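Order of writing sets the chain letters: A, B, C, D and E. Residues in each chain are counted from 1.
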Amino acid sequence: MSEAGSHSAEAGDAGHGHEAPKYMLIWVYLLVLTLAEVGVAFLGIPKWIIVTSLLIMAVWKALLVALYYMHLKWEPKRLRILVVAPLPAVAIMIIVIMMEYV
Amino acid sequence: MATMIAEATGQAILTEEHKQSFLRKYIFSTDHKVIAIQFLFLTLFFLMIGGFLAMMMRYQIAWPDQPIPLGGIFPESMVASGYILPEFYNSLVTMHGSIMVFLAIMPMLVGVYANYLIPLQLGAHDMAFPRLNMYSFWIMIPAGILTLSSFFVIGGAAGAGWTLYAPLSARPDLTGVALGQQMWLASVVLIGLSSIFGSLNYITTVINMRAPGMTWFRMPLTVWALFITAILGLLAMPVLSAAGIMLLFDQTIGTSFFLPEGGGQPLLWQHLFWFFGHPEVYILILPAMGFTSEILAVGSRKPIFGYKAMVWAIISIAFLGFIVWGHHMFQSGMNPALGLTFTISTLFIAVPSAIKTFNWMGTMWRGNLKLHTPMLFAIGFVAMFAIGGLSGIFMASTPVDIYIHDTYFIVAHIHYVLFGGSLFALFGAIYFWYPKMFGRMMNETLGKIHFWLTLIFFNLVFFPMHGLGMVGMMRRIYDASGYRHLEGIADTNALITWSAFALYASGFLFAFNFFWSLWRGKKAADNPWDATTLEWQTPSPPKHGNWAEVPVVYHGPHEYSHPGVTDKDWLAQNERPDVPSPAGGH
Amino acid sequence: MDWALPPNYSTHGVVIDQLFWIIFWLTAAAFVLVEGGLLWFIFKYRSREGQKAHYTHGSNKLEVIWTAIPVLVFAVLGAYSGTKWAEIKNASGFPPDALQFQVVGKQFEWNITYPGIDRQLGTADDFTVLNQFHFPVNEDIVVNLESEDVIHSFFIPELRVKSDAVPGMVIPVWFDSRQAGEFQIACAELCGLGHYRMRASVTVHETADYEAWLASQATAQ
Amino acid sequence: MRLDLRNSSAAMFVALGIAACGGGGDAGSSGGGDTGGGAAPPAATIDPATVGTISGMINFAGDAPAMRAVDMSGEPDCAAAYTGGGPMTQSVLASGGGLANVFVYLSGGVSGAPAASGAVTLNQENCRYAPHVLGAQAGQDIQITNSDNLLHNINASPTTNRGFNISQPRAGITSTQKFASAEVMVPVRCDVHGWMGAYIGVVDHPYFAVSGANGSFRIANVPAGTYTATAWHEEYGEMTGSVTVTAGGSADLSFDYSASMAGADVPLGEPLVVGHDGAHTHAGQ
Amino acid sequence: MAHAAAAARAPERGLDVYTQKVGMWVFLCSEVMFFAGLIGSYVILRFGASDSWGQPGEVLNVPVTAVNTFILICSSVTMVKAFAAAEADDQKGIKLYLFLTFLMGAMFLGIQAYEYTELILHGEWQGSHGFTPQAGLYGATFFTMTGFHGFHVFLGVVCLGWAFKRSLAGEWGPKNTHGLEVLGLYWHFVDLVWIILFTIVYLI
């Protein structure tokens, strides 16, 4: 029924002209990062170093999945804006409520 | 090539209509217009129920020591020997607020008019996901039935305020309400799901299914308002669902998210609720602003004053709406340092509303005002919303909020923006789009009588509440006798209650006009108000699939009294490509 | 039908009332501007035979003006409110020698714990009285608000004091009374079926009377 | 298209309305079932020949602790009713060597008890529960009445039964409640007046009594047989004893409490913080 | 009306992305906010409101969940492979990869169920017998977050089963990849949420 809306698909698919993204390489990255995370978590180094490195690795893995597997790298910029839109709201919510206990 | 596809599908949609069974065409229909009408009947029903609860509350506040008439029909757990019991009064307060917000005003603003107008005003055949649209209506039915039957379960309906502050809402032993509260939380999660599915549909339709030529800045302000409302709903409702589920677990399986004895934080509930709550109140007002801008332009026969400013005002309300929630919690024990930041952000969210008010007045300035009923309600909206906005400034200033928080000053502010604002605009919208929905006009004289009765009694009910707030009358109190600072309020409350009964009665005048005109109303032309937006360029009511051929848009939404057009004082969006217009151009 | 703020007897109340009336006159002016403008437009521009609407899409100059003015007004109002709020509510700014009380809200009653003769909470001579709050006039009072079950709100209209009592938190509230007299504590936050009756009596004594009352309480225990 | 679009939507609207009220309506009767009393079954005819009575004394050794005054100044219309020394707490009432408010019931050996009939009343007068301790049979109606023209809420917090938390804002309001299963001592309190407290002993049979002011109690119409009886007091805990009832005769049963048993373990339903009864309010004296 | 000038005009270019994909991305934004509500509350309650709940691995079984994370990442890869196979019209590849994704999704749920029962029966935290939702805030937040994530994985597995059934009938192909791509978006999102959950809940 909503086929009328999909005719703008041609423009969307044109973006696939690039070479097939290296899925297996990304997979390896993800595995290595996961193992690194587990490794770092149980090291004896000061807590804040562990936490920051864990967060960096988590964000890195998240970006890998989002950009390559969810194809965001080749999507129009406006879709990327739409996808990133809720993140500031989440950040504001958590930071402001944490201010309650600082 | 694109038009051919649209052409083919357009035809296919029109022919497909005759094959559907009655069930498929009307009850489980996926036509956005039928879903809108189903929402309209559902929300009018709940508006009546919510109003009735308010009448019982008003009776109790005005005459606390008098038994209510017909008290016998209520079970003993609600009304004992004719007297409304305090726990039932708390349920009345809670369910009046909740039913009005979640089951009447929000679905009427978003469920009815986003569904009906977005495809028609954008020149689309239907919503992006018609089946999902149908589900978003049918989820509301169990939510409605759950809410209504929660009055009759053991312990009665929820009784911790529509804001459900924990731990009162989380501990059945402190209120005597167990199942009723859980049923209400279940229906809130269902309503949240329905609203997310709806917002999903509206956003995708506005982004991807606009007719040729309908650029972002040629969209009518109604669609802009509904689009931004959908974004607010999309980002705010899930947080309420998450918090509601946590509260449901606190009650049922004994977790202690918000119970201090288990280490939980009552303030966390307030933060999560109001993080959803403030975008919610903007969900309740933005569509009303959109309808008012549309109706004021049509009524004044003049383009909207400052279209770009209005659009940026709506967008800035959306962003600011997510960073002001703390102003509901100034006195709640929140970290006082947050009080300053929320004061500043709250005052700055008042700026876009001020801009919109001045632009509405600019639209009427040097116009050719046709004072038909929708126009009267739109002007009534601007007048009443201005009062509501101004009384909001008292609360934004935190020291003043120390005194007026949780008093009737807040109740006055809520009702000036929700009743004087959203409901006035909704009445205007119902009168305005009724010919398009049902092909018949509502009666003008009955409409005008309804407007003047509503305006007068609305002010008689809610303006004195500012006074009660100044005196210091607290919210949600069952019987104010015994407080020395409240000795003088008995006659004010009596006046408010009599006016409230009259206001409720004038609502039935509207209901009569609404149902009577369904069959007896004057036949409506395709464009009875001589409006320029696309929905008025289709037959009333439009065929299934709306457009035989998708229209091409050449002009901005409100081109009235265009100097280049002499035979009539309006220029439809999809006609006369030869006439240049500021937002038009080729 | 008297809609006036009750008389104010606390120093913070002066600021609150002052701000209230500033905002009142500001909004009154805006109210007259908007409602008067609307009425005037309705009568001046209502549709008459042959009347043509003026074709305009707005003027950016006007937009800038009626954006700047509210922003300016709100910036000043916000700054002033914020500073006063910090004075009234920031616990770090409370006078250290203030007379401390512990008020515990419990479903439908206020239990007030007095510091006793030695003016120190937590000592042996503290005692708790149900629904009666006595304190001396012209002295800084700090109430440590707690709650045993649900959220209540400690509200004394004549002293312009209101703060929620949240279970699991101790919230300090600073106020004083510049006049002796009888007031009432009301609960301003819905706390269950007895919310409307959750009140206590407040008696503000002259300093000498307060000492005498304290003594009488000590012997009564 | 236009005409039937309206009819269907209007029909749907009416159907929805009926469904919601209908849904609501019939749930109402079941919902309210709990509070409405079923028709009381006809009382079993008692054959006077085969029953006897149990009577006896609750003796109390030592001097009872002095009861503290209750501060009722917050409720002037209640305080006015108490002349003289003003209202005193009720937890331990002992006079002439007898202990009042002791709930005595047959805890063992009872079989085939007649169904519950009639109703027990719990009245609220001058911000006091009358009686302070009462017994009821499982399934028996408990009529709660309010004779003060001010708000009392009746907050019963049993463990095995379903509790209730109802209010009576005015004089003359009565509400009927019942407990489905036996539970010795369901604590009842009023949140508006912290000092008010009562105990309801729910047992499966009508053979129970509460000791009067002088400590005497009497249980009538007890079928012949040997039973174990239990006495319960809110401060001094529980004691058991056995008794044999002969047809047409009267058996004597007495329990001996002593002041030294204060603070004994008191089996209650939910641990009740009714300790307002003076002790809590005047902490630290 | 004279529509001579209405030559074939393409409709407005929204995001140049077909409707189902825009719809799915918008839906994922609402899911981000839903999980933000749950995970945000966990972060606030753990790192703001209460003192330490214990070192990583003290209560929760990190090795088992590390394996679980590995499985979910593999299922993301096979999902993408299935989509690539659909574009290359490799019907056998589609069937294989969809089945593998379905299998690994189900394995993830199985392992999580095992982890739950293990925690509930033998878990130990601050003296509570069995680490259950009633075991203080740690249990409550843990089971709510991972429970709802598991529920979303379950929905994904059901959809994967439906997609696999359609692949048996050969319905996916270069001309019909949208359904698969949208399902892939949902699946990767669920994997992404698990990546964040695994780090914040288990390792910190």
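Rule of thumb we're sticking to: a residue touches a chain if its C-beta (ideal position, glycine included) is under 8 Å from a C-beta of that chain, and two chains touch if they have at least 3 such contacts.
These figures come from a predicted structure and were not determined experimentally.
Looking at chain C and chain D, the chains in contact with each of them are B. The set of chains in contact with chain D as well as chain E comprises B. In this view the innermost chain, defined by its CA centroid being closest to the centroid of all protein CA atoms, is B. Compared on C-beta pairs in contact, A-E and B-D come out with A-E as the pair having more. When chain centres are set by their Cα atoms, the one at the greatest distance from chain B is D. Farthest from chain A in terms of Cα centroid separation is D.
Chain A and chain D have Cα centroids separated by 63 Å. Each chain gets a centre from the mean of its Cα atoms; for chain C and chain E, those two points are 48 Å apart.
Per-chain CA centroids place chain B at a distance of 34 Å from chain E. Chain contacts: chain E has residues 10-11, 14-15, 17-19, 22, 26, 29, 33, 36, 44, 49 touching two or more partner chains. Along chain A, residues 2, 5, 7-8, 85-86, 89, 93, 97, 100, 102 each make contact with two or more other chains.
Each of the following residues of chain D touches two or more other chains: 151, 153, 165, 167.
The complete set of chain-chain contacts reads A-B, A-E, B-C, B-D, B-E, C-D. Of all residues in chain B, those touching chain D in their complex are 22, 26-27, 34, 37-38, 40-42, 44-45, 65, 75-77, 80-81, 83, 85-87, 141, 144-145, 148-149, 151-154, 173-176, 438-439, 478-479, 515, 518-519, 541, 543-544. Partner chain B is touched in their complex by these residues of chain E: 1, 3, 5-6, 8-12, 14-15, 17-19, 22-23, 26-27, 29-31, 33-38, 41, 44-45, 49-50, 133-134, 136-137, 139-141, 144, 148.
Residues 10-11, 13-22, 25-26, 28-29, 32-33, 36, 40, 43-44, 47-49, 56-57, 62, 66, 69-70, 73-74, 76-77, 79-81, 84, 87, 178, 181, 184-185, 188-189, 191-192, 195-196, 198-200, 202-204 of chain E are the ones that touch chain A when the two sit in their complex.
The part of chain C that touches chain B in the complex is made up of residues 1-6, 12-13, 15-16, 19-20, 23-24, 26-27, 30-31, 34-35, 37-38, 41-42, 45-47, 51-60, 62-63, 66-67, 70-71, 74-75, 77-78, 81-82, 84-86, 88-91, 107, 149-151, 153, 155, 157-158, 160-169, 171, 182-184, 186-197, 199. Only residues 1-2, 4-6, 8-10, 12-13, 16-17, 19-21, 23-25, 27-28, 31-32, 34-36, 151, 153, 155, 157, 162-170, 172-176 of chain D touch chain B when the two sit together in their complex.
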